[in-house]
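Below: one structure in structure tokens.
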């Protein structure tokens, strides 16, 4: 194995190095000088993110256990960008929650570790790597979810996440073991080379699907989502709802398109129904929510319900639109979470009523929030519109008009509750609105990146074209 | 060759006067707007007379018949190769005759109003609207295209609306103007549908093509039928509905008496002389179509006209408002014109009725305008409309008295005044065609004489009423108009009308038919005498008679409750039974259906919240159950 | 290889274990017991992997390795879970799963 | 000549408003920007007419194509024909007057003008789009600012109305989107060419009738909701009633026209078989709209509700005419869009001005305004007369064209319903005169709060421009009508060939 080959794993290696550096920095900073960690880590991570865009070879490692392709690299880069935003946005929370950035190093280390897990998961060429990556992505996050030791909700979120995740990975593993029994191999390539058609294999598929769907919070595997998002610290929620969800969808796409290619009729049906029920349930729950984190949780469930529209039918265009949608979704969702987090850090207020009259005192935050919500709702000219439109197009071209119809109706319902927040911020009168918040530069930068993404990803046809071109390999 | 293009100026000058005084009338002294308008009407009238002279005596005739002259026309709105709304000017005997009528009466009214409306705050507005009206009326009669007629038809309706509502602070005037507009609008709906039907079958809006007896329009028609009548009949009946609305034929007459809320000169111009005869004019304009394609429609015209003339005459005997008496008299007289058209045939002598109708239109315009202007003069003097509050006015207002008497004699049909000649022709035409109708018209002639002289005697003779301050004769400008019109009303009968205006343009000579004329004159004199004995001196006898008539009198006094019927239909049925339910339905059913979607969504959302119980184990259970469900689903798919 | 014991026995055992684990997860009230149930599930998977590898595909060791990793990861999972349970216990003074329901609807 | 300026000018205006420093500056910038847009639109009309006069017979003039998403074959393609040119002119007139009418906005003035102009940008974009994708994009772009405009600057139960309006319109766009995607997915019958959103290209192919049967109702209803199609019109009364003046103007004047335009350009043009086959269903619905809206207006007491219902009736006429599938009626439909746009904008502008003085919109509380504010009263009357279809004003031209056109269909069904539709002119007269009588005439009722002065300069400008347009169209409809007629040829040919 040469260096060149090892460098196929550049993303992961860089992250590992970063993680190590983070630990080192943490070790060698004085207790009252911890704030230096944040800029250094953010800077480091920025470098890592940028390095991810450098040209890179694609290929396989470890006898096929590890694989990369242009599409996978793109997925990793999207995750990197998302995590970069999360890291920036976390600064406020770290300061506010742990006083003097006590746990900053640990926090960053864990997040990066989780990201490493995700990247390995996406790059997995066999189920072992996939499984390890999956667990590495989840377990640290559970710890982080429970990290606000003073809050009962935080611990509750942690325990709910870790236990449900454990159950789901148990199911997933059981599915893998069945697949292993029928096939004798754990490598994606050799499994997909076989024509999967036995009932046992279908059963295995469903077990594995359950395990992954849990991560995406597809209904009916979504119930943990709202509670965990609400209880966990906001930045963890935003990480879970954006990065973690996106990575799980990426791997789902890869699994479905490669390993379970031959079960296409089966997973088409499964996705068809789960998509409908996911959107609908997510929306119906979101309507009533008053706590914004919980609200965004259900909104993210509903958003996840749109993704199957791109996957269904198994076309390249669909995959491209899924990736595109997720890229936009990451920006939009992080934008919304970023505002919630900025306000929550400054005032501790997380309820919709608290946002009444926000525009009066915090016009910029309100505008960012509005843009993010519009993007989530799919309103032009912000990017969300394009993301959704292409998803719908992908499904419609396949002839799934009913599904598209239901999805579009759901998008309208979702508009309703997004508008509720817009209404609170812009229209509702409030005697004592949240006072003007002076944001630190990190929050500003984080939100700024989100806004840039929201405004321009949609218009930039080149981005979609690029995604479309790299997703050629998969179908 | 002849050049009539100057006729374009006749209507247009008034349009510009309207725009000018309308926009800038407030900028200078009111009387200046009055003078500007009067001068332009004068120009218009002069040109009309000149045009009439040129048409009737120099250029109009070709091969012994008056022909249609299309002065010019252009496509205002083109639909396809055949259908277009054209604007232009069409000269033929009736339109030229109408030019004379309109501009003459209008000029008189303009002059008269200089005195009558003096000091009114809306003086220049009034004159602007008068110009608008005259413009529209001229446009109407000069139309080359039935749709152009419709356009100006609407415009005269508008100007009528505006002028009736001149005293817009008076609720009665406001509601009268509203009523006039809506009733005629309703009738115009018939007109519009008639036009649509006509155009669908005849394929053109152009009068030249529509009324050409050998043209395609007439030959093509009468193919499709609906409810037993041919489509063209329906079309013509519907168009007649529009005419009936404008000309206040029963049952669409109800707006005209109320329209008397407007200034009296307006009543003279619009609601006596010109606009209300537009219906007659339109039937005359489409006359070949009526005659050749649909005798049934023509019968409808005749019967409606006959009934209306009788009906209105009876009501006129009971009214106590001077202007309302005149209004019902107008309705009755227009009924005459309609009857004349209805009984007419096509041709020279056969078209006697047509000629008579136009003749009567002409004479009626003169004497009825005169009557109204006299009434205006009286109202100007004593500030009331109630004839019971008048009496003995001949002492105070001699000129008004004489001119009024001339007009009364004219309308009563006493020779040698104009009304005698035209009415005689109508009765002759009727007796040849339909005896029942003739009989009705004959009786109406008597009633007409009676109620006119009832009015005359009650106003100018009767008791010696005490007035708050002595009535005085009207100013000179008003008297000028009265005298001018009185002369016209007296002499118009001597015009050899049949030499100019006939249904097919071929002149013929008409004569007095003594067999009809003598009984009619006798009856008219009888009517006058009855009125003389009853009303010359104040006496109790009229009250006795009315009491003995009881319910008949009361219902005639209440105009046979037609207004109440309308009120019932509009207020109770349209308002309460349609509109309010529609509004309710919209707010409560349709809207709630839409809100219901939102509500249901919220309701379901509330109901399913137990799914999210917060219990970890329940979550896990749902997850496992969901997985099993998906498995069952796929199993099902595999098996199927 | 023991006499008379075939792959089906292992599979039956593992399946039973799996469902017992699931059942335990759904019914036990104590968080620690629930954690144990998860362990049962994971161990049933381990048995599966090992048995399948041994009986059906003895030529490679994929299943064995997988089982090793699962064991290792299960350990970390338990570590984190226990830590969270302890943190929860500090606030609730009990570890009954039914009390972990502050957030719902 | 590049149509993209129609988008760029508003965008630049918006940016300038963002950068402006005070209220004075922002409103002047808004007025100048929209004024420029108006001039540009006039210039466009002139260019269009010269181009046509020079014998250019292309279906769409000034067309440009910018590749946007090549893999989906999405272009930003623009182009105009007589229909869109006239609607663009309408939009810019109403936008400009709308800005003038909101001269006195104080609360969040920047945001107000920005939202207003963004809305208008959506409308302009919609009318110049030749691509279903951009068309849909601009459609939604135009709807969303409405929420803020009504919600923030509205009155009455504004939150409810704003939400209802937005959701109903977005719900409609949901249905529409499925229809559009359906068209897209059938846009390459042979598979030889890539799927396309381009209207002109799609119009050249034939979509299977089975597919059309599904997509036609979707597209038609999707656009129809915006055109206040019964029974999906209920957003309109509430929305109008709560919206601030300029928004009502733009909304009723322009936004609702997008519905009619979409029905014509997409539903009828691209799905002709189904249009021929299913028109009768919608003809019945629109006939109901026409009569129902008019009757509904009779009993309303709020000025804005009266106009909202009247709009339902008038816009019903637009869709009614579109469905008549003949050139004259469709010409009437476009004329009616323009006419209704102008007069309803005038109405709402005047209602706003009157409301600003009387602080009430209840006709029972007012009376005799002719005495108190004669200028506004006269203008209101003119608007009313335009609405009831008086010759010389725009309404007449449009309505008559529709009726004549609709009557060309030689069967009892069409003709019967045309007669029913005609009857609306009487009902319209009833409610218009009722309002005029109660509001303007009669003894002056001065018992309302607020000032009693007459119009000021910006209000005069607004009414003057709009009345000028109404009268202009009423007196000289020929050039507009001819421009539209010629552009209708492709649509009518496509529909009639299949009849």
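All chains are identified by letter, namely A, B, C and D, in their written order; residue positions are counted from 1 within each chain.
Keep this in mind: contacts are C-beta pairs under 8 Å (C-beta built on N, C-alpha and C of every residue); 3 or more make two chains touch, one makes a residue touch a chain.
Everything numeric in this text was worked out from a predicted model, so none of it was measured.
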Average the CA atoms of each chain to get its centre, and name the chain whose centre is farthest from that of chain A.
-> B
Pair exhibiting more inter-chain C-beta contacts, A-B or B-C | A-B
Give the identifier of the chain nearest to the protein's overall CA centre, each chain being represented by its own CA mean.
-> D
Between chain A and chain B, what is the gap in Å from one C-alpha centre to the other?
-> 77
Between chain B and chain C, what is the separation of their C-alpha centroids in Å?
-> 97
When the C-alpha atoms of chain C and chain D are each averaged to a single point, how far apart are the two points in Å?
-> 65
Would you kindly tell me how far, in whole Å, the mean C-alpha position of chain C lies from that of chain A?
-> 27
Find every residue in chain B that makes contact with two or more other chains and list them.
-> 598, 609, 612, 614, 616, 620
Of all the residues in chain C, which ones touch at least 2 other chains?
-> 22, 25, 34, 100-105
Residues of chain D that touch two or more other chains: which are they?
-> 167
Pairwise chain contacts under the document criterion = A-B, A-C, A-D, B-C, B-D
The answer for chain A against chain C in the complex is residues 126-128, 131-132, 135, 139-140, 142-143, 146, 149, 152-153, 155-160, 162-163, 165-167, 169-171, 173-174, 176-178, 180-181, 184-186, 226-227, 230-231, 288, 294
In the complex formed with chain C, which residues of chain B make contact?
-> 609-610, 612-617, 620-621, 624
Chain B contacts chain A in the complex at 598, 601-602, 604-606, 608-609, 611-612, 614, 616, 618-620, 622-623, 625-627, 629-631, 633-635, 637-638
What residues of chain A sit close enough to touch chain B in their complex?
-> 159-160, 163-164, 167-168, 171, 199, 202-203, 206-207, 209-210, 214, 219-221, 223-224, 226-227, 265-266, 269-270, 273-274, 281, 284-285, 287-288, 413, 416
What residues of chain C sit close enough to touch chain A in their complex?
-> 11, 14, 18, 21-22, 25, 31, 34-35, 38, 41-42, 44-45, 48-49, 52-53, 56-57, 62-63, 65-66, 69-70, 73, 76-77, 80-81, 83-85, 87-88, 91-92, 100-105
